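You will see two complexes here that share chain A, one where it goes with chain B and one where it goes with chain C.
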Partner chain A sequence: MTGGQHLTARISDAFWRHPRLLLAVLLTPPLIWLGVIYIGSLLALLVQSFFSIDEFSGLINYQFTLKTYAELLRPSNFDIILRTTLMAASVTIVAAVIAFPIAYYAARYAKGRMKAFFYLGVMLPLWSSYLVKVYAWKLILAKEGILNWAVDGVGASAALNAVLALPVIGGSSLSVSYIGTFLVFLYVWLPFMILPMQAALERVPVNLLEASGDLGGRPSQTLRHVILPLALPGIIAGSIFTFSLTLGDYIIPQIVGSSRRFIGQAVYAHQGTAGNIPLAAAFAVVPIVIMAIYLWVAKRKGAFDAL
Partner chain B sequence: MHSDRAPLGLKIAAFAGLAFLHAPIVLIFIYAFTTEDRTYQWPPPGLTLQWFGVTWNRPDVWQALGLSVRVATVSTLVALILGTLCAAAVSRARFFGREAVSLLVILPIALPGIITGIALRSAFNLGDISFSTITIVLGHATFCIVVVYNNAVARFRRLSGSMLEASADLGADGFQTFRHIVVPNIATALLAGGMLAFALSFDEVIVTTFTAGQQQTLPIWMLEELVRPRQRPVTNVVAMVVVIVTFLPILAAYYLTRGGSETAGGDK
Partner chain C sequence: MTVAVEFDHVSRHFGAVRAVDDVSIAIEEGGFFAMLGPSGSGKTTCLRLISGFERPTAGHVRIFGENSENVPPNRRPVNTVFQDYALFPHLSVRDNVAYGLMVKGTDRRRRQAAAEDMLALVKLDGYGARKPAELSGGQRQRVALARALVNKPRVLLLDEPLGALDLKLREAMQEELKSLQRALGITFIFVTHDQGEALSMADRVAVFSQGAIVQVGSPQDIYERPHTRFVADFVGSANVLSPELAARAGGPRHWSSLRPEAIALAKPEAARLTGTVTGTRYLGAVNRVTVAVGGDMLTIALPAVQTVPADGAEIGLTWPDGALHTMEAE
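Here is the complex of A and B:
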């Protein structure tokens, strides 16, 4: 036996006798990476949110203060938080409504090739480039683009203009209105809602549906009292994605939307040209807190079993 | 009541939903051929192949593509190693903090990308680290670990302990078992996870805007075109190519993990 074989055999024996040792060897590299680079950075961010910026010199004042957080409550900043949360909530709700028939059909009725078709049909848009999807919507919503062309074609321009004339959600054209921002968010995050929903619906036993029917439940009653409650964890799991992704996105509202900012844009602007890292950090903590609350509620509802 | 035939309304809603998901992507393919180069005019006034040649001769596109491929390759390798190690540890033993480890792996994609981005940026600031390819990789590998991890964990779960015991009973040491039993069993899952990680990194833009400095990955190149359109036809072609390039690994990953309890890509 050569020395080399000897050594590997001894290491192998040591791992066998001390499973904890092997565990430590396995876990150390990923924990160093995630613990140092990721958690370390998050802590660095958190720390900076407790600093403040000197209004006159524009330099960061490295002393503990809650002043920066208090600034978040200023009406202009608080509006940004409110607007982003409302957008995230409406995107989540509409995504759930549109996703449900797709997920339900795929889970319950699609078989064999049709099932694969639906699976890839959701998976390909999910994975295709985020920016390309946003770009596609820029093409769609452009004044000379396909949507206006189609609306003109069916003679509904007056209706579209009436919608755009609405306060707050309207604008001079779709591509600079909240409706436009909303549509793009909805499109880009929709697959993230469908997949967990479908996973949850797959697990609804068919005999429960039959039992409900045998007991005289109409389809709508079965839907409300049997299917939806059982699918709820999947819906919540999907909503975690749509909600979190909308909260943190700063590219979509920058490309399609009005000039009124979302949280992500505020973070980006404050850390960039404004150089106000503490305020940017404090803004970044907002989605973390919102998501922490959301995840805590979701966990209590059993949403993670569906992931 | 509950027959195997779907109600018509449900069927229409489901297929309309799928159409909604795909129509914009189809549109990208059509725009790559339009003769119009100043506006986003629909319908296209004419069709041409000339923009493919123009794009081919653009050094800035090639440079951005090169950087993206380099970053994605290195990030994927790092994610493969770290994700597999993590998955092996979590699936083979119950230990204190096991839940915390899986949470730690998922956190970088569970939190909005802008948080990962600004956290890294502020850490680089504090540590006086200047931007380079490495800073981009640091960010990308961190959120790529989870896709490898998810694929590997699912496969480790199917790898039964009795196979490992049988190998040991037949006289193999730990390394031999690893080489002859574990690796062949998890190889396709790793390949799938690796391809998804590559696709994820190749497409990432939010974290990258914080960690790239002046460097341009392909998504950053696209982003600048989106904010200030200068060469619409070239952007159209690049967009179409990016769609094709990302579809291929997804299809491959799907076929690699098909038939198992897990299917790749269910969690971007």
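Here is the complex of A and C:
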């Protein structure tokens, strides 16, 4: 049986006898990529954050210290963290609220052409450049922009001005206020909430909804006790996207919004012009820690029990 | 007798498909009613019309005399045991059973106690803390039953509840469902495509074909006196005799049915019909022998203790008076 076989046949026989060999061959390159390049650089970053900078010479002091992390707690730096986290949380919550009905409709009712239209509608914005979209929003939200013009047209400028007059989140126009930053974040990351949510809702069997109704559950009770718990892993997955993407973004708040910094901008500034690599690294660790805490709490609360 | 569920000229059409077509029937309270038919005959749609997951295209479904068209499923006095059980995978067995009480607002202590009582009724005491995924098919079936019964429904709907169980378990559950129905005294409406199940469990059987009821009656009625060729064939594979063959066999010139087990071997001179043996199938308790009578084929069931005539043998057939049943329709 063994003599005179082709090399390819011998190789495939060897794989058949040693199934793990094939797995090893297939997984080694991506694992090297992930392990060395990705995890490795992450660790390097983590190490950097434990160094400090000498304030007089501007040189990095390669001694392990928590001094840089203490810097994060200075009011000016801590404000950046707080601002970014609040923004990420609001974007995530509002995105979840907006995405749910869309995802539910797509999962439960859309068929054939409507489903194709749904996917196209959700994905199409992702096909165009992120920068183009953000600049487009800057124009839309500007004082002379189409949104202001439309609000004027329906005679609601008083309402808009009242919103813009709000402290902190207001501003002289939407494009230079936190509301504007929020709207752009919401728009740009919404598909990342809708798609995992829709996938999760699609996996909730219809007969469970019928069973809930049959047992006396009103639609709102079915939503609360059956649909939400079963779709929760998908909602969490979507929220991981919107939350972490907002935490790390440095372009949107730079183009649309007040001039106050977000974490991404702080990292950009400290590793670039300021040359303070340790502080940049410490800032970069913040989103990682926040996400880790978020996932830990979600797991503790049983968000992944339905998986 | 009170009528539990009444169909008054009910139709349910899906586009051009007439899933249920002008069905009228009255199901009495306290009975065990079976809807029997092949898949696609409309029996499950009828069940869903009672539970409220489908609404009639025409006609009225009345539950205890009340028109139900505008009553949503959650406000109907009926509960369902679903075909694949539809247990909530994220809830424990106890919380599954207590679900109906939870949505009604019963406090936690009381509903958990009621759930435990129901689990005891279906012989699953001690399983409350498990998740449905940790149970066998038969156990899930019992949980589904307990979950439906905890609401004390006036009508229990069962959609092919035994379909996924193996033969031994199925037979045991048939007995149990039957005795449970007697003990609780509530109306059971049962959908099945298994004629043996329908005959052994139900007091009354409705046979469905192509969206319509072709016959309603006691199991004996359905089995011994089928109205149509479809019923004769579907319920227990009776021999269907053409009018010509029925006349030769000594009956009226009309479509007739003759049960395989009613036929016995006879000497040619005493036989009502004669034919040639073309094959034998051994089924354990009986041998099913096919006999060619002229151009027609008849099946006879001979007890396995009896010697079977060889293929090609000429044999005479006879049966007791009255066994040849003349059908009302084609």
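Simple rule for what comes next: the second predicted complex is superposed on the first by the 259 of 307 C-alpha atoms of A that agree within 3 Å, B and C clash if a C-alpha of one lies under 4 Å from a C-alpha of the other, contacts with A are read in each partner's own complex, and residues count from 1 in each chain.
Note that contacts are C-beta pairs under 8 Å (C-beta built on N, C-alpha and C of every residue); 3 or more make two chains touch, one makes a residue touch a chain.
Given the structure is predicted, the values throughout are model-derived calculations rather than measurements.
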Overlay on chain A: chain C relative to chain B, clash or fit: fit
Partner chain(s) touched by A:Asn77 [first = chain B, second = chain C, both, neither]: neither
Contacts of A:Thr68 with chain B and chain C, given as first, second, both or neither: neither
Touched partner set for A:Leu230, first chain B, second chain C, both or neither: second
Dominant contact partner of chain A by residue count, chain C or chain B: B
Spatial angle chain C-chain A-chain B, Cα centroids [nearest 10 degrees]: 90
First, second, both or neither for A:Ile146, with chain B first and chain C second: first
Touched partner set for A:Pro205, first chain B, second chain C, both or neither: second
Contacts of A:Ile98 with chain B and chain C, given as first, second, both or neither: first
Touched partner set for A:Thr85, first chain B, second chain C, both or neither: neither
Closest approach of chain C to chain B (Cα atoms, Å): 5
Doubly contacted residues of chain A, that is, touched by chain B and again by chain C: 210, 213-214
Chain A to chain B touching residues, read off their complex: 8-9, 11-13, 15-16, 19-20, 23, 26-27, 29-31, 33-35, 37-42, 44-45, 48, 98-99, 101-102, 104-106, 108-109, 118-140, 142, 144-146, 149, 187, 190-192, 194-195, 199, 206, 209-210, 213-214, 219, 222, 240, 244-245, 247-251, 254-255, 264, 267-268, 271, 277, 280-281, 284, 287-288, 291, 295, 307
Touch list for chain C against partner chain A, complex: 51-53, 72-75, 78-80, 82, 84, 86-90, 99-100, 102-104, 147-148, 151
In the complex, chain A residues that touch chain C: 205, 207-208, 210-218, 221, 225-226, 229-230, 305-306
Touching residues (chain side chain B, partner chain A) in the complex: 1-2, 4-7, 10-11, 13-14, 17-18, 20-22, 24-25, 27-28, 31, 39-43, 78, 81-83, 85-86, 88-89, 92-93, 95, 101, 104-105, 107-108, 110-116, 118-123, 125-126, 138, 141-142, 145, 168, 173-175, 196, 199, 203, 205-206, 209-210, 219, 222-223, 226-227, 235, 239, 242-243, 246-247, 250-251, 254, 263, 265-268
